[in-house]
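Before anything else, here is the set of structures, which you'll find just below.
Two complexes come next, and they have one chain in common, chain A, joined by chain B in the first and chain C in the second.
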Partner chain A sequence: MKKYYGLDLIREMSCAFAPSGCEDGLRDFVRAQVEDTCDGLTEDKAGNLLVRIKGRGVGYDADKPARLLIASHMDEVGFMIKEITPEGYLKFSVVGQIDPRVLCGRHLRIGDETHAVKGVIATKAIHLQTAEERTHATPAGKMYVDIGAKNADEASKLVSVGDYAVFDSDFVTFGKDDRFMKGKALNSRAAAAALIEVIRDLHGAATALPFDVYFAFTTCGEIGIKGAAVAANTVKPSLCITVEGTEANDLPDVGASSVVCRLGDGVVLPLADQGTLFDAGMIRATVSAAELAGAKTQIRRGISGWGEAAAVQQSMAGVRTMELALPGRYARTASVVALREDYVTLRELLKNLLRDWKF
Partner chain B sequence: MTLKELIVSLCGLMTVSGSERSATAGLQELIGGAFDEMRVDAVGNHLFIKRCGRKDAPLILVDTHLDEIGMMVTGIKEGGFLSVINIGGVDTRILPAGEVVIYGKEKLYGVVAAQPCAGDSLKPIHEMLIDTGYSKEELEELVPLGTPVGFRPVYDELAGGRLAGKAFDDKACGACAVFGIDAVPAHELAGDVCFLFSTFEETGMLGARVAGFGLAPDYALVMDVTHAKVPEAEEYTLSPMGSGISVCASAVTNRRLTRMSQEVLRAQKIPFMVDVCATGTGTNANVLGLAGEGIPTVLWSLPIKSMHSAAEVLFMDDAKALAQGVRAFVRSKEIAEVFGK
Partner chain C sequence: MLNLMKTLVSVRGISGYERAVSDKILKLVVPYVDKAWNDPMGNLIAFKKGTAPDGARRKIMFSAHMDEIGFLVTHIEDSGFVRVEQIGGINYVAASYAPVTFDSGLRGIMVPDVSAAPGDIKADRVLVDVGAKDRKEAEKKVKIGDFCALDGELIRLLGRRVAGRPLDDRIGCAIQIKMAEKLKDEPCPDDVYLVFSVQEEVGLRGARTAAFGISPDVGICFDVTGTGDAVGARPMACTVGGGAAIKLKDSSVICDRGLADELAAVAKEKGIKYQFEILAAGGTDTAAMQAAGAGVTAGALSIPTRYIHSGTEMLDLNDAEACAELALAWLRK
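Take a look at the complex of A and B:
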């Protein structure tokens, strides 16, 4: 398979069809991107891809090597088809947390990673809406997808109950000097793309690390069942960094004191989420390393979300864990917006951290 | 160019009400070749005339509206965001996380901000923001207040010959009109044909009223989209997709012309159904009948779903029926004999 780099890599990953529980295609893609530049690849029974970079540097204990786990989830929010109506429309369940307000009128791909048909989430025309409907979100359970079929028979030839669907959203760069990116699943997939680029960099690096690094591309990060916990049980790391997307709300109608993080202010360091408090020592070390390297970081001023880090932290007898996140606006919509500079900052900060990390 | 290609090309043009003139060059290129004359009138109506070659021939008007619903920039905010107001009836439910094009001094791409807010209420459109990726200062240079904003044109072919995308209302009917008229050799036309791409339908049917007065045609065929039957609107009687042309029965259209147009369709075996809009049609037919000294008018409609969204859905078989219907209508000697001068 062709190797992708930088923006092309982010594009390919953003456009991949991989909702929670349907990560096979993306896992094969990631495997192909890193298989020539690592010291070992395994897939575990939870569907995680584990990529090993072996340590060799000064102080490396070959018998009992220290292990660092860096995890990023592969999956995205999406939909599962639960019913084909007599008229040939598809009713769906939401996979992951999606605000129903971002669904009406969106284009979808329905099927799986190898074969998908196109559809749109239908919306009753404004002329036919009641006053209540015009001002309130339609619940997802009342929506349906139009794939063009005229009845259930025609629809059943194209789609089966249990099929997945994802937003059909192309990757776009826009804004001044094309600094901004738009795509589905964009900031979490860009975070995973950063891991791929770090793997390649480590593999070619002149100075080897004094510890083993396991990169885990995990499953089901969006639905609360964390593949990352399984990856931690397998790797048994001394430390873990989860690398994620996080929602930025730096909009002019959000009061400054309510803004949790901003595009352009660099890598986001959450101190806590709804699942846990992260390792303060690791966060301090990261902030110092970032200052030395001139990499922008920002502390997240909010505790929303429930990322993979908590699951890893509570695996085995406990693992020291922190999270690095790429800020993105309109998370879990068809049009996540992120900044290219923030991606580069994340990638370079990860490289710096690995080079200088003292266990 | 196939009918589907013409539909996608025409509907992809930005023609938000009030900005129709920005499409003149595109229209000239796409459809100008099918007509003998083209002109733009005082309010932005685009008129295309195909002559039959006979003196004192009747003038047949075929009207579809050129304008589409959209937005207009009302403010530039810190951080590179625009505030907007709707032009025509924009369905705000489809806006959050939707993609738009801002037609300023340069064409800019934008995403409608989808910031979570409490409860299940939707923000009114004037509180929504468009994310542009430019600074406030840059936007002040590039995007004058009043700049039109349109949905990003994205077209998807669905199964079974359905097409999804923006602005089928009403340029898809325009494409059918051009296709139908173009299929008739000039000497077979029942009269001179004026194809009117009218303005401001979405904001009050101003264009058709003015053009009707100016042209004083002998009779008129108006074509617009109508709501196709959808499951969540059972209280309305709507045309099922796949029924062909929806011929409107209404007090505001001409009864005899309506019946004769049905005969024409029947004779050509073109599928149609009758769609009842008893006292008003919500289309240019409302105003054309009373324009100037009065114009006998018939309304044919194309059923689409999710009207006024960026993902309207049409059925190509219905569009083809409409194009065939136009071809038959402008050839009809019977209609010309009754309604011509």
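Take a look at the complex of A and C:
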């Protein structure tokens, strides 16, 4: 399989068909990107891909090596077809959390990673809605997918109940100097892409770390961080860095004191979310390292959300955990927007932290 | 007990940032135990070996949490006011106009939007006034990522009753420190792990991992519980001064009934004042210990407390001492 780098890698990852529970195709892709540049990879029972870079040199205990886990989830929010109507329309369930207001009129790809059929999310036109219906967003349960089938028979030849679907969204760059990127699942896929590039760099630089690094590409992050919990118990690390996307709300109507993070202000370091209080020592060391390297970081000004770190921090007898996040606007919609330079900052900061380990 | 509590409430340490409390407790407990250490999450574990021979010693874990509810600094306004996010379940109305202290030692007052109706007081309308002229002046003394908590306080009421904060759960920590003192002179057969846990207020997180690491046979939690004797309180047969409260259940756990019955039997036999406790709402480290690893026989001895998580809590030191006495008597039976 072809190897991808930089923007092309992000494009491939963003466009991959991998909603929670359907990560096989993306896992194969990631495997192919890193299998030549690591010291072994395995898959655990939750379908997580675990890529190891061995430690060596001063302080490395070859019999009982210490372990650092760096985890990023592969999956995206999506849909599952639950019914084919007599007229050939599809009813669906949402996989993960999606605001129903972002669904009307969206293009979908229905199927799996090997084949997909195109469709459009349909709802009743406004002039046909009752007064009551008009006062609130149509819930997902009342929406349909139109795949252009005449009837259930025709539809059944194209899709089946249980098929997955994802937003059909191109990856594009835009804005001045093409600084901005847009794609589905962009900031979490770009976070995973950063891990791929860091694996290659770490392997190539032959850095001597006194511990093994396990990069985990986890499953089912969007539906309750299930994969990360299993990865933690498989790897049993003493330290963990989770790398995810985080929602940026630097929008016109949002007051300055309510903006939690901004595109362009660099890698986001959360202090806490609803599931985790991150390790203050690791955060301090990272902020210092970033300052020395001239890398932009921003502390997230808000503690909402629930990332993968919670599952790892509270696994076994506890794991010191920190999160590095790529800011992205409009998370869990068809058009997540992030900055190319923030991606580069994230990738380079991770490389720096590993090359010049201070924790 | 009174002086010990004065010391313990004077240190600030919110969930995730308990280091100062841990350091203080370590100094107090280390003369009496065999070993003390902090685990990866920051739990302070003090270990006292039992007198029974190898293989005949059970592992008994006690847990009291070090963290108090508080606030993380998320933004400094141009005006010099400090914006915070709450950590743990705080009653903002009760915290309004309360003095707070930051980890740096800086003092401030928690202030709501003065035009807000009491019902509207929420996180986004509460700020800390540190007396700064503007952002620049504030930034000299406080930065994003610092924390603050309501000032500690302990005042004597009638009898051996006290009011102040954070009684939840420095009183539990005090009980464990007193137990360490007693165990030094009179050890018990089993191995005892006195865990001063972290991050209880945000989901029992420290006790969960500490219990996994220790893998105890029995776990007993010391924490405050509500009472039925405050003005307008929900009916509850648990009162301040009614003795050590043997927990039967709260909203996070159904305690091991056999253990609860054992504790009651020991209390009766030794003439230690006790009562039973069923708390309608509220969770404790007990639940985290019970479901850790392959499971632990879990229970709790609670200190009946009025006005939990408000600006000022109130309890009877006699009840706390009864908890310590009962736990020690149970260990030695």
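Basically, the second predicted complex is superposed on the first by the 342 of 359 C-alpha atoms of A that agree within 3 Å, B and C clash if a C-alpha of one lies under 4 Å from a C-alpha of the other, contacts with A are read in each partner's own complex, and residues count from 1 in each chain.
Operating definition for what follows: contacts are C-beta pairs under 8 Å (C-beta built on N, C-alpha and C of every residue); 3 or more make two chains touch, one makes a residue touch a chain.
If you're wondering where the values come from, they're calculated on a predicted model, not measured in any experiment.
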Clash or fit: how do chain B and chain C relate after the overlay on chain A?
-> fit
Angle at the Cα centre of chain A, taken between the Cα centres of chain B and chain C once the superposition is applied, in steps of 10 degrees | 130
Pick one for A:N352: touches chain B only (first), chain C only (second), both, or neither.
-> neither
So, does A:T37 touch the first partner chain B, the second partner chain C, both, or neither?
-> neither
Using the touch criterion from the header, give the chain among chain B and chain C with more contacted residues in chain A.
-> B
In the overlay, answer first, second, both or neither for which of chain B and chain C A:N233 touches.
-> neither
What is the contact status of A:I147 with respect to chain B (first) and chain C (second): first, second, both, or neither?
-> first
Where does A:Q314 make contact in the superposed view: on chain B (first), on chain C (second), on both, or on neither?
-> second
Working from the superposed arrangement, determine the closest approach of chain B to chain C, counting only CA atoms, in whole Å.
-> 15
Set of chain A residues, in rising order, touched by both chain B and chain C = none
Over in the complex, which chain B residues touch chain A? Could you list them?
-> 77-81, 89-94, 96-99, 108-116, 120-122, 124, 127, 129, 131-135, 138, 154, 156-162, 164, 227, 230-233, 236, 241-242, 282, 305-311, 313
Per the touch rule above, chain C residues touching chain A in the complex are 15-17, 39-41, 43, 72, 74-75, 77, 83, 85, 87, 124, 144-145, 199, 202-203, 205-206, 208-210, 212-213
Quick one: in the complex, what on chain A touches chain C?
-> 238, 257-258, 271-272, 275, 277-278, 280, 283, 299, 301-303, 313-320
In their shared complex, chain B is touched by residues of chain A numbered 85, 87, 89, 99-102, 104-107, 117-129, 133-139, 142, 144, 146-150, 154-155, 158, 168, 172, 174-176, 179-180, 182, 249-254, 329-330, 333-335, 337
